[in-house]
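Single-structure report; data block below.
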């Protein structure tokens, strides 16, 4: 069972409620877009699922196990996390950075096996980084760096990928590259929860959408169900343009109200 | 008895004269002597009348470096600072030539009488200092007696002169060693030992690496037990296992290879130098067996 | 430790070989000249000759201490830099060594060491531990380069002046001379007693630090990702704090402060490690041994008579590096 269940989750910091009573689940093979205005609690929700955030209420189950009880190492094999922007404090080579994804599978006394290296090479190939594998990450472009982060995450072979704005700052081509990588992951039965700000991409490429506002889950469902023009306009407090192209509908933030 | 009148007058004149002589004598020699140096303290204790001393240094209280710690307790101690001396209003201040220089300078400026003493680096140097101080304070006889006492022990005829001279190295805390032109060297030589460090070091004193001492492998290591009761790295050098091995024992004291001569006997030049000589002569005989 | 690849392996072998060469050189260095074959045969000889005593009781413990302390300093530097993700971090610069010296000085001059000798390394360890915690308190563990350096400077100067104060107040008149030993470090005239005193805590400290390699690799990606990769950040922190306190604390308690080894060595070896903080740990340990051995040989070669202090030599080598790193990081700060 590789389902992810978030049940009754609340987070408060001091007197302030950051998240209150969040319930949803993610099935395997599903890509879920997490959207909402700035400060709505998207990143906190993601950190809560990762076990990085102290919960004031509720539970998170990943692969059928409560993240509070499961060992950190087991959890690390279930989930991979791509933080917003992402940093590499030292200028590692692409290969060595991607290899960090295998850390949950190694110990001090068992270094990476040939199988681990094969997985690392596969991840590099999958993300089209073969020619860059000996480059230092400090010399990469934004698009290349985003793919390196992605390769590192999938080399952990996670059942659930959590990505915080992986396509922010990317041009359309690199943006679609990452989206394709996420979709490929889902095609292999893995699931992904992705924080986004691009409403049209969310609508077009994700199986389901979760919308947060002021720490509350205001909608969850397929994009067609929940991303109606009026609802999105109200949630984000902007005017929305809706259109049709090739029998697909799309939305676009149009102007401030 | 009734004396004739003129006789009375003559007696009166004599009295006046004697009083004059006496009082002028008392006036000429200092009555309030302060010392701001350990070595001049020690000389004062040996030569001066106890009631003429008004202050000595705090160092004289330390039984490890002072030969008169009990007597020192009777006096006001100073730390070699001008301020401490000024209000005592001494008529003679004894100072070392190379210590408390700024205090000496200030006190001289203020008009005090200051006598600076060279540290004795030879037996002759001790004689000179004793002679000078005893003359200064009007006790030349005591000075002469003291010198005689030392001379008797350091008489060249009394010098131990055997064909076989045991080798010795002075090795104190931090590896401090003494060579040519030092008081200790003269005592060592007079006791019939050869100080083999004197050709190995540059000046009259130096710090000798432990390894060099072991390589020299002298018949006798002369050290002091200075400040063994409070911890210091400098003193710990003397507890180095290598030294223990070379002398074949764990504890250094009373072993034929290590002579412990108390620092107070010879860190300053005074009559206690004869004690150092006597101890070393005994060691020389023991080692020379 | 991700992958002990060929380059790192080759360099490790080279560094280990160099340790042997430098150890022999270190054994042959001293005021008395002894030929190499005599030195080697002296190592095994049972006879109580002065040559054997010089080799076995003076030079061998000195060489062993160079190796142990060099390992501790090089490794601690690499571990601190990896943990704080800051190439300027070094036990000496951030005040760990200074506080370790203060701890050792308090214990030693109060006379506690004469009662139980183990008090000396314990004092050093306590001082080091307090400084790491103080640094965390003052600067926070993930603060900027400048904050950490400033906090370190403050801790170092406080520890230095307290050390001088304790030494001035110590009952032994030699204590004031010994400020130089504690603040500048030296391995002269140490004995096997010192080796025995520190070997266990030092090895445990080194062992603890070596286990943090994978976590330091993970921290390259930031704390959140490291945590998501299964590492317990609290545990890493305490392993580093205890490891550094043990290794640096006991090292300083017998050698005084030997600065800059932990700065220079990881910096030089980082390209060989391909910037991976994990693999840099064992490499820096070997590098630290080499640098300390070399510096301690240099100390004996250049100074006739009374020895230069070891810390002077490492500072002369190290401070240009420090300046270079400061200039390099200035561009980052702006």
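Think of it as A, B and C in the order they're written, each chain with its own count starting at 1.
The criterion applied here is as follows: a contact is a pair of C-beta atoms (placed from the backbone, for glycine too) under 8 Å apart; a residue touches a chain by one contact, two chains touch by 3 or more.
Nothing here was measured: the structure is a model prediction, and the numbers come from that model.
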item: Far-end chain from subunit A, centres as C-alpha averages; value: B
item: Chain centroid nearest the full-protein CA centroid; value: C
item: Whole-Å gap separating subunit A and subunit B, where each centre is the average of the chain's CA atoms; value: 86
item: Centre-of-Cα separation between subunit C and subunit A, whole angstrom; value: 43
item: Residue numbers on subunit C that touch subunit A, as the complex places them; value: 1-4, 85, 210-211, 213-214, 217-222, 224-225, 227-232, 270, 274-277
item: Touch list for subunit C against partner subunit B, complex; value: 30-32, 48, 50-51, 53-54, 57-59, 108-109, 111, 113-114, 170-175, 177-178, 181, 188-189, 191-193, 305-307
item: For the subunit B and subunit C complex, residues of the former touching the latter; value: 173-175, 201-202, 206-207, 209-212, 214-215, 217, 227, 230-235, 237, 240-242, 245-246, 248
item: Of subunit A, residues touching subunit C in the complex; value: 47, 50-52, 71-77, 79-81, 83, 86-93, 96-97, 99-104, 106-108, 111-112, 117, 136, 152, 156, 162
